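There are structures below to look over.
The same chain A turns up in both complexes below, where it pairs with chain B and then with chain C.
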Partner chain A sequence: MSAFLETLIGGLLAGTMYSLVAIGFVLIYKASGVFNYAQGSLLLFAALTFATLTDQGAPFIVALAVTIAALVVVAVAIERLLLRPLANRSPMTLFMATLGLSYIVEGTAQGVMGSQIRALDIGLEDRPIFLGDILISQFDLVAAGVAVVLVGALSLMFDRTRIGISLRAVADDTRAALSIGVDINHIWRIVWAVAGLVGLVAGLLWGSRQGVQFSLSLVVLKALPVLIIGGFTSIIGSIVGGLIVGAAEALAETYLGPLLGGGITPWFAYVLALIFLFIRPAGLFGERQIERV
Partner chain B sequence: MRNFLIAALMAGVSFAALPGAPAQAETAQYVPLPTYRVGAYASSGELWWAGEKDYFRYINEVEGGVDGVKISYEEFETEWSPDRTVEVYERVKAGKDGSPLAFFFTHGTPATYALLEKAAVDKIPLIDPAGGKTETVDGLVFPYAFPLLFSYYSQASTGINYIAQREGGFEKLKGKKIATVYHDSAYGRASQPAIDLLAKKYGFENIQIPVADPGVEQSPQWRQIREAKPDWVFLRTWGASTPVALKTAARFSFPADHIIGDVWAGSESDAIPAGAAAIGYSALAPYPAGGDFEIHRRLKKNILDQGKSDLRDPKYFGAVNYNVGLVNAALAVEALRVGHKKFGARPLNGEEGRWAFEHLSIDDARLKDIGFYGLLQPIRITPEDHEGGGAARIQSWDGQKWVLKTDWIKADHALLDPLIRQGAELYAKQHGIAVRNPATEAGPK
Partner chain C sequence: MSDIAARGAPRLLARDPARKPLWLAAAVIGALLVAALPLVASEYWLDAIVAPFLILSLAGLGLNLLTGYAGQLSLGSGAFMMVGAYAFFAFALRAPELPAPLALIAAGLISGATGLLFGLPASRIKGFYLIVSTLATQFFFGWLFLKFPWFYDGASSGTIALPHALSLFGVDLGGARGRYYVVLVVVAALTALAVNLVRGQTGRNWMAVRDMDTAAAVVGVPTGKARLQAFAVSSFILGVAGVLWAFAYLGSASVQSFDLTRSYQILFIIIIGGLGTIRGAYFGAAFVSLLPLALDWLSQRLFAGHVDAGLLQNFQKAIFGVLIVWFLIREPEGLARLLQRLVDALGARFFHPRS
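Moving on, here comes the complex of A and B:
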């Protein structure tokens, strides 16, 4: 029983790491209806910038501040150079634009900062904690805590600030929001910057686990089933989706894996997502799209 | 700035030829290099190509070429994608500027698999040291494939030999548990037949645990390790899955000094991100780390200090992946020398290239001459044996750098060769390939 509980708890905690990546997608999808394929690249860019600065001897706080500033600059550049010229184009066009953007961000980031792997020490040791016989990862516990704080902060932003309310207005009805004077370009800049900051948090945690290198951008593959299960428009859905995917993956690898030859985690999460697509296409917390035909 | 422009171009254009050495028309030997400076494996690639290009540059500029024949190399970005490597192969197989193709570096096991049949038809040797399909060691069935130095079976055998050394003899392996944590791919699975055989011979329990790509979450696997309580773990991961494995092992209290990594899990890129969790971790090193070998002194004086190195950051001079590039380039250069003796000092074609590789022999004296003693094992390729080495040193991570722990440890070829032959014969039967008899072959003139 303790083995089962340990697997379950470990999976749930690992799932919050997936949630951190998924939240970045949700923010941009909520604000603009765009599936931002470049979220993984932004995550890589953020972690690479931070790691490069600390490698050069910059103190943690300075590296963090400069990285945040760089993310804001990138957000402004994306809005000016990509989103504004493509305003009112179809979601597919915007998706393809983010696809191209991901190559540009990845190539440029590696071109400027190098493609060598970097260790990232954020002062979090991955020592185990034992609850009886159950081993829990200290690192994953902190990551889960960070995810909770992040969700709380974003919820406050959406519910209590003028920018958050404007953002929700844009998400609900862009034309109506424009008609009452909401500056949609400004909203986009803010959303992309916030998505970059979420990417920074996720990048720092993932980067300290596996090192900062290109494959960091591939963690977005872990976020897709989370988004399908939790819904593309819900931050809470990202957390719940992450918990479901993390727990299901861990249990499946442990109990089904030996029967199926092992190594089943990547596709098992997608099988789960497919099942959810059949039962609840908008995900657990997503908004159902209803159109008059 | 040049690197920046290259990377930016590569970001927008997924497949493109990159500037290499200036064209050396007429007398130059054309050597295409399918590379990956961007993408998931760029951190290994960037150093690898620096090693290869620095050595070729050294040969061209300091030694005046290979017997006077300069090497004209040209890079092609593939992002380690086999389909793009196949595209490169198709583009370059006829040669360039009057030079035929003597050999083709695949720079990756998947690409070698993809090109195996094509290259045999085109009669162009595929060079994939410490990689490729293990059965291609048998040159009688695979005349145009050269998995030089250290096949996947040899990797398994050398790993077990080292564990036996640490345990105090092969008889001490009986009843022990050895778990292989492997990347769930053709590469990761390639050593299994050899480990099965070794387990039967020495009586250890063989536990196989796959990690699916990209392997960034491995708690379930290491939980299985904790429950199985193996004495040793053989780590056959790749890319990000290696540091994650080391960190997760530490979390589950499995000691790093009882983990042996294979060739492609034993570079600085694998150990540095794992931090303290990698201290004591050992790895097989057919390409040992270190910048103090004689060839490094020559390169430093003639290439690095002259500002001609392809290395972006000199601190990686002597890193494992840089040395991979040096060794592979040296193998190609030495093979060309063998070919020149037979066919004359001129660019060689594929059939001549094959002959050259099949008669490549580098002993200790020659290794000292070319500055590779200690960095490259003595090697002797024959038409029957396209591996020619089958040994590795063991290096251990001290938290800052790899430290060499042993001399060359040879694989158990008496045990492995029949297994390789059996696999090759099966392949020949399935593909209708007539097994060669080198004694009756006419060969290129």
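Moving on, here comes the complex of A and C:
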């Protein structure tokens, strides 16, 4: 029983890391209807910038400030050079554009800062602790705490600030928001910057665990099933989806894996997502799409 | 997808009949040139540049039927190529009495059936939800073909290579010229098939689904069937392209030969070449095969090879990204449209000179 619990809890905690990546997606999808495939690349860019700066001897705070500034600049550039020219184009065109964007960001970031693997130390030790007789990774615990704080901060921003309210207005009805004078381009800039910040947090956590390298951008592929299960439009959904995917992956690898020869983690989450798609295409917390002819 | 949709089809119908002889002549001359290419081109050119270009064109064509014509976005092209290649390998190894052309078709059919299976969710979902379904193919088959030695005959490297040099249609695949002709024949035959499909009822149904599937369903287009057809045909072509890629170009292949990067590459081919056009796949494939060579040559000339290979690769990646975004913004119909405009402009200049 305790082995089962240990697997379950480990999986749930690992799932919060997926949620962190998925939240960045949801923010952008809600505000601009863009399925941002470049979220993983932005995460890599953020972690790489931070790691390069600390390698050069910059103190933590300075590195963090410069990275955040860089993310804001990137968000402004994306809004000006990509989103604005592609306004009113089909969602699929926008998706393909973000695929192109991910190539630009990855190519440039790695070309300028190098593609070798870097260690990233943010002062977190990956030491397991015992809870009764259950082994829990301390690192995962911190990551889960960060995810909770982040979600709290984001919901405060959405509910209490002027920007958050205009953002919800844009997500709800873009045309109505425009007609009452919401500056949509400004909203896009802010949302992409905030998504970049969420990416930075996720990138620092993932990066300090597995090193900062190209494969970091592949966490985008981990976040997709989470989005399908939780729904594209819900932050709570991405948390719940992350937990489901994390737990299901861990349990499947432990109990189902040996039957299938092991190593099923890369595709199991996708199969799970497909099953969800058949049953509930909008995801657990997503909004149903109504189409008019 | 609607923004690339409106222009493609009507132009096809409204083509000026007076220009037909010109097109026909161009096609005949082109066919003679490609048939005679091995007489002038070196084996290196045929093997390392022309063959991969043709196979990538075929793969692009396959994806373009699904994405450009039927509007179903797929990131699983690599997986369907992989299925084709591994199926062909299994036939060559375990049923050597099966003639190679039949094995090629059978491998394509297996890939097509796989496409059908993984396209099933498309009857309920659409748009980028399909990304997940097609990515699932990519990861599942990458795992399957690595996990079970049966698929790669237990080779320690995990790669597949044909037990003996193959002959296809009586042409020996051992030499570069033979390979070129085989690839050419297969690509030409499947292109003809694709052209016929998209000009007929099937293609019209696909385009109706792409442009607005709800409206298409309302006027009686069998949208679910059309989507599944597109998946099956597209995966069939991709599967055949995978066989050629593995055994007529690479010689030996592995799961890595058909990874996610390959799927991206094929998507880039049709974006750059032109979504929803047959010739776009060729233009895109030519561009994608030639750009790295051009960049290589340029860096050799400019920096005399002092540039780090990794840096060059990253640089190339960024350039591809910029091109994708540029084409999507400026010319969603890609090189096919750009060249069309060029031809029209030249035609207007030389054949209908203004007085």
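Note that in this section the second predicted complex is superposed on the first by the 291 of 293 C-alpha atoms of A that agree within 3 Å, B and C clash if a C-alpha of one lies under 4 Å from a C-alpha of the other, contacts with A are read in each partner's own complex, and residues count from 1 in each chain.
As a working rule, contacts are C-beta pairs under 8 Å (C-beta built on N, C-alpha and C of every residue); 3 or more make two chains touch, one makes a residue touch a chain.
Just so it is clear, the model here is predicted, and its values are computed rather than measured.
Steric overlap between chain B and chain C is present once the structures are superposed on chain A. By the touch criterion defined above, A:228 reaches chain C but does not reach chain B.
When the shared chain is aligned, chain B comes close enough to touch A:257, but chain C does not. Of the two partner chains, chain C is the only one touched by A:278; chain B is not.
Legend: residue contacts after superposition of the two complexes on their common chain; A:82 is shown touching chain C, with no touch to chain B. Contacts of A:95 after superposition on the shared chain: chain C is touched, whereas chain B is not. In the superposed model, A:142 makes contact with neither chain B nor chain C. Of the two partner chains placed by the overlay, only chain B lies in contact with A:119; chain C stays clear of it. Of the two partner chains, both chain B and chain C are touched by A:103.
Listed for chain C are the stretches 7-15, 25-33 or 43-51, of which 43-51 clashes with chain B, judged after superposition on chain A.
Residues 100, 103-104, 106-108, 110-111, 115, 221, 261-264, 266-267 of chain A lie in contact with chain B in one complex and with chain C in the other.
Looking at the complex, you find that chain A touches chain C at residues 35, 81-82, 85-86, 89-93, 95-97, 99-108, 110-111, 115, 221, 224-225, 228, 260-264, 266-267, 270-271, 273-274, 277-278, 281, 291-293. Against chain B, in their complex, chain A makes its touches with residues 3, 6-7, 10-11, 14, 17, 100, 103-104, 106-108, 110-112, 114-121, 126-128, 135, 137, 139, 206, 209-216, 218-219, 221-222, 249-250, 253-254, 257, 261-267. Chain contact summary for the complex, chain C toward chain A: residues 1-4, 71, 73, 121, 124-125, 127-129, 131-133, 135-136, 139-140, 142-143, 147-148, 212, 214-215, 218, 260, 264, 267, 271, 310-311, 314-325, 328-329, 332. Listed in rising order, the residues of chain B touching chain A in the complex are 3-12, 14, 37-43, 45-47, 184, 208-214, 216-217, 219-221, 223-224, 226-227, 239-240, 243-244, 247, 250-253, 268-269, 272-275, 277, 312-313, 316.
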